[in-house]
Amino acid sequence: MGSTTGQIFRVTTWGESHGGGVGVVVDGCPARLPLSLKEIQADLDRRRPGQSRITTQRDETDEAHILSGVFEGKTLGTPISIFVWNKDTKPEDYRDIKNAFRPSHADYTYQAKYGIRNWMGGGRASARETVGRVAAGAIARKLLKVRAKIEIIAYVKRVQTIEASVNPSKVKRADVERNIVRCPDKATAEKMIRLIEKIRKGGDSAGGIVELVARNVPVGLGEPVFDKLEADLAKALMSLPASKGFEIGSGLAGTYMLGSEHNDPFVKRQGRIRTRSNRSGGVQGGISNGEDIILRVAFKPTATIMKPQQTVDAKGRKVTLAARGRHDPCVLPRAVPMVEAMVALVLADHLLRQTTQKG
Amino acid sequence: MGSTTGQIFRVTTWGESHGGGVGVVVDGCPARLPLSLKEIQADLDRRRPGQSRITTQRDETDEAHILSGVFEGKTLGTPISIFVWNKDTKPEDYRDIKNAFRPSHADYTYQAKYGIRNWMGGGRASARETVGRVAAGAIARKLLKVRAKIEIIAYVKRVQTIEASVNPSKVKRADVERNIVRCPDKATAEKMIRLIEKIRKGGDSAGGIVELVARNVPVGLGEPVFDKLEADLAKALMSLPASKGFEIGSGLAGTYMLGSEHNDPFVKRQGRIRTRSNRSGGVQGGISNGEDIILRVAFKPTATIMKPQQTVDAKGRKVTLAARGRHDPCVLPRAVPMVEAMVALVLADHLLRQTTQKG
Amino acid sequence: MGSTTGQIFRVTTWGESHGGGVGVVVDGCPARLPLSLKEIQADLDRRRPGQSRITTQRDETDEAHILSGVFEGKTLGTPISIFVWNKDTKPEDYRDIKNAFRPSHADYTYQAKYGIRNWMGGGRASARETVGRVAAGAIARKLLKVRAKIEIIAYVKRVQTIEASVNPSKVKRADVERNIVRCPDKATAEKMIRLIEKIRKGGDSAGGIVELVARNVPVGLGEPVFDKLEADLAKALMSLPASKGFEIGSGLAGTYMLGSEHNDPFVKRQGRIRTRSNRSGGVQGGISNGEDIILRVAFKPTATIMKPQQTVDAKGRKVTLAARGRHDPCVLPRAVPMVEAMVALVLADHLLRQTTQKG
Amino acid sequence: MGSTTGQIFRVTTWGESHGGGVGVVVDGCPARLPLSLKEIQADLDRRRPGQSRITTQRDETDEAHILSGVFEGKTLGTPISIFVWNKDTKPEDYRDIKNAFRPSHADYTYQAKYGIRNWMGGGRASARETVGRVAAGAIARKLLKVRAKIEIIAYVKRVQTIEASVNPSKVKRADVERNIVRCPDKATAEKMIRLIEKIRKGGDSAGGIVELVARNVPVGLGEPVFDKLEADLAKALMSLPASKGFEIGSGLAGTYMLGSEHNDPFVKRQGRIRTRSNRSGGVQGGISNGEDIILRVAFKPTATIMKPQQTVDAKGRKVTLAARGRHDPCVLPRAVPMVEAMVALVLADHLLRQTTQKG
């Protein structure tokens, strides 16, 4: 269980890193949405391995196939099935770990939970699974754009200690995509790239922060109590591999403020009710208030490192591991499209849910 | 929508702060669990308003009534319905805000979403709604204790800048309950209380951090991909009023480390596979690994303050508000049982889900 | 589990026949629907025991209380909680069956499934549970009426061998309510009443057929594949106590026809596409086609009879039972509002689901 | 929406009759279930078109591919993705109906609901969609067999007026598969085949009844109130194309009996509590009682016929249609594996749900 998300815009991913392929079924996407393979492929290309010298060298073209749900360039209202073959699999790279548990990976927990695992790579816990999410996210993004001109942009905010200066309300996707680390602050981006390269040469890995802004979100998305917008966003983002923390608006920093400093006063601007500041991060009482949604996700340093590590095998015997598989020294550049995809899925779902509740 | 959570252990809360009452229906709790009203009431008493000089003075005894699902001291396997009357309601305190939108409250977003709201208090967005969550959480806690000896303890870790020193693997609930701020570090607790009193006198409010540990969690809880344990925990906790951030294990601090520093090496200890450190926070690949689950939730300073604030009314006209209602200058002491309840709901649900997947 | 139904218009019932009470929580009802207690009570009165000489003599006024979700006569968009006390309980009537399994009741299966049961009456399996369904159904009916002028009328079509002649497209609720058996064919109704009285005097019980028509259903309700409209209707109606069969449109009779006789030709009438006949029963490919929805539900004879019956107790020992409890000699008259309620729930849910899919 | 079923054993089908292919994702199947492609293919072969002279002549080999979730002959506990290419598509056969609405098909309702449809065949409403159901059903059947030795056998009970005599508690699958109409009563089967051939020659179609027995079902499957076992079975079966009615146990015939005749007395047999008769059809109070589950599904005559029919096009203009596409003159022989698959899905889901509720 657990491979489906969404109440209305329902997304089911499937696939292991070293099985036949990976894919997704999207059910509940409204009919007559213009949709092309090209739009989906564009996002998959931003996610795919081997795209730059600071990502894993596994060489997958990740070519998407749409098998159903689209007819003459438009959605049918029926499930959209998309799949991608696994091609550049190297199970032999993983033979060493067939019986060993890589530290801070899911090898041990999957083995303990299921009593079986596909040891040829990360299996279902591999970041390869996010192919399906990103493909579904591209559809969600299209829906959000067509219905409400919602724009979702994520970028690398910090790599380890190197933090970028970015204005969320102004940042453009073109600026994010201009460099391989996906940080729109050009000077900082170069430092980040150098840091990642240095860390990789040391056989190690780094973590950091991805920040995201969603603009033009209409007022009213999110449901009271358990399905608050920030709750669903938190779940979506904490479901990404390697994420360890989530913040919205003022986040942790807000806990140091007084209520009188933190509250966002309401004002009327251009005929609309707005807030003067945006420490709420675009959500109040679990419901979007029309301001930019701003959130951050913390990613730990990649668990796979080239340095030798002590661990144990299934029988508890000590073993020393050194990764031979191809891996990302820092997941953040490739996490950017994943973060966007997950936020798009949540917003698309709530946009459709909202249509059912209008009085 | 949005008032139900859980796949198997399904919890539905209902009620507005100033309607007839608040309550909860729990469906999916296994049969023959010993359950007494006393156990539920004990948690409600920790949540109730008016319990100390640093909480709101609204005087609710919050007496729970079990209407179904329990027979001769045991659960029947049928829905457990619990309700609590609203007694000390003062709608006249809210007449001023009938048409005004309190800053950083849900007044505006509810009005915009639904075109109607119960303006006598916070309505559905009020923290009063958590009565139902805490009652359900008490049932979940009992189930977790009986089935797996799981112990869940939350405490106030930081109020604004005052941070406690607590060892999560050793902390006891008695130490948490020993003072009114619910911080087990006695010396720091006193400082926190003084700070909250000072802030309240200034007509202001404070935020901070609640930390939680869950001990004896069996290996294997959590589902791959979207329903990872940390994802469901994040959702549950970000659904609490005033929460702005969530971390598990190393959290944000982990993003400053190298992979070689961050990874948790596996070792064999007392015949079991364990990790030497616990930066994973008890969850790997979305599945519990048997170590303590450790997480933190950031709460913003309470939105309701006594200081006058500028805002607008439904027509966008400027108004000045000063709270007359009773409120908490700092939500953290009362948030402690809420955080515990939400974690209990997630763990109970995953404990039951796990029974379906054993090969 | 199993006490919640609906994807959007979500209904959760709770309560045992001999616990504190019974009730329902409706989440997902759109805001600003005018709703009065009177409307709900009217349907409960049609369902309540003791309403006539051919129903059970248990004397419950079944007075409903709305505890949340309604404010100044309109729905808030938040969960609507309704409850009804259990008053006229006679647990002593059931002491004989504390350890015995009544034939064709749920005593044995509940005991086997849960290892515990509330033996004071039917517990959760009692028809008393339908109080919550009927209350929720009244809300759904109101929504369907306000939104789409949908009208739902059920009536007793057959009691044992006595069958009424009714024109579904013309029948009026007033005609149904004119007599205590709820059959709009007046002459037949009298025969039915006499039959039921005779059977009751013999200490026995009878079954039959309830037929329902839903008029003004818009085109487009229902979802492909698993959530077809007739599938959800079948589930809803087969979930009622004592139901053994379901038909839509031509039903079983249609299986004797040739395709050329059975097909409903499309025609244009008053500017709309219609079908000349309606053997489809208002649904094609799982989606409503704008014609009257016509369906039938078969109810078995009530399991509780006054005649002595052989059965066994929990230890498998033979016992002879004769009902002492009050019971309905024929469930059909009281099943009429239940059937209407269930159909209303399904249509309300699909009406709201449909809003999410419009291209 | 609507392409997913099941709470734990979750099945999502996708695909149109004339798109790239059709398939299914099964999430929630427990790990380590032995599973081979051969087992799935065997059921698909019983469903596939072109298998005999009384089924459609569309020639699809329906070769299944398992893309994920199975590793070294066992399930992984992760989603199992299976797909089948569409090969023998003849869109040109459908060009005539591009703008016309075939009587008693889903052309009109899909067009009205979505404003678009894949007119090259039945699209999502085609019986071709059941490929995914049958593949998932094969997995469910395997699970039921391994876990509980449950055996599910369906067969053609009646074609139009020709009814077979079959003993549900004795019937064997081999007897069902011995002839092309899938009726285990050999003499009647021949009559049925002759009738179907005659009707086909007349350009017409026939309906009838499929009966099913599930043996060795453990006591305790099914949930109170809305998710009663017979309710979920009814929904599953009424979701099959062309089904118009559902009965369990005594069904419609039971409505003519008195309670004293209809009730199933409990007895003790071989140390177990059993019922002497089985008018309940293996389910009491929505929960299986350990007796054989016996149910029947009514299928209407196939809507596609060769005889010319009057209908209208999208603009309401009269048109005359005569099918050119290949079609089944009687769906029943191919419906047999579909009925088995749907029942297997429901039982597998409830078998797993039951594990969560044991006290």
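Labels for the chains are A, B, C and D, by order of writing; each one numbers its residues from 1.
Criterion: contacts are C-beta pairs under 8 Å (C-beta built on N, C-alpha and C of every residue); 3 or more make two chains touch, one makes a residue touch a chain.
This structure is a prediction, so every number in the text was calculated from the model and none was measured.
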Quick one: how many steps at least from chain A to chain C, stepping chain to touching chain? 1
Chain D against chain C, contact positions shared by both copies (same if over half, else different): same
Have a look at B-D versus A-D and report the one with more C-beta pairs in contact. A-D
Averaging C-alpha coordinates per chain, one finds the centres of chain A and chain D separated by a number of Å equal to 39
Round to the nearest whole Å and give the separation of the Cα centres of chain C and chain D. 26
Rounded Å distance between chain B and chain D, as computed from the means of their C-alpha atoms: 46
Would you please write down the residue numbers of chain D that are in contact with two or more other chains? 1-4, 7-8, 13, 28, 31-32, 77-78, 113-116, 124, 224, 353, 356-357, 359
Using the touch definition from the top, list the residues of chain B that touch chain A in their complex. 1-5, 7, 13, 101, 103-106, 108-110, 112-116, 124-125, 129, 158, 160-161, 199, 203-209, 219-220, 222-228, 230-239, 241, 243-252, 254-268, 271, 273, 275, 279-281, 283-290, 298-305, 307, 309-312, 316-318, 353-354, 356-357, 359
Touch list for chain B against partner chain D, complex: 7-8, 28, 30-33, 75, 77-78, 224, 352-353, 355-359
Can you tell me which positions in chain D touch chain A when the two form their complex? 1-4, 8, 10, 12-16, 19-23, 25, 27-28, 31-32, 65-69, 71, 74, 76-81, 83, 113-118, 123-124
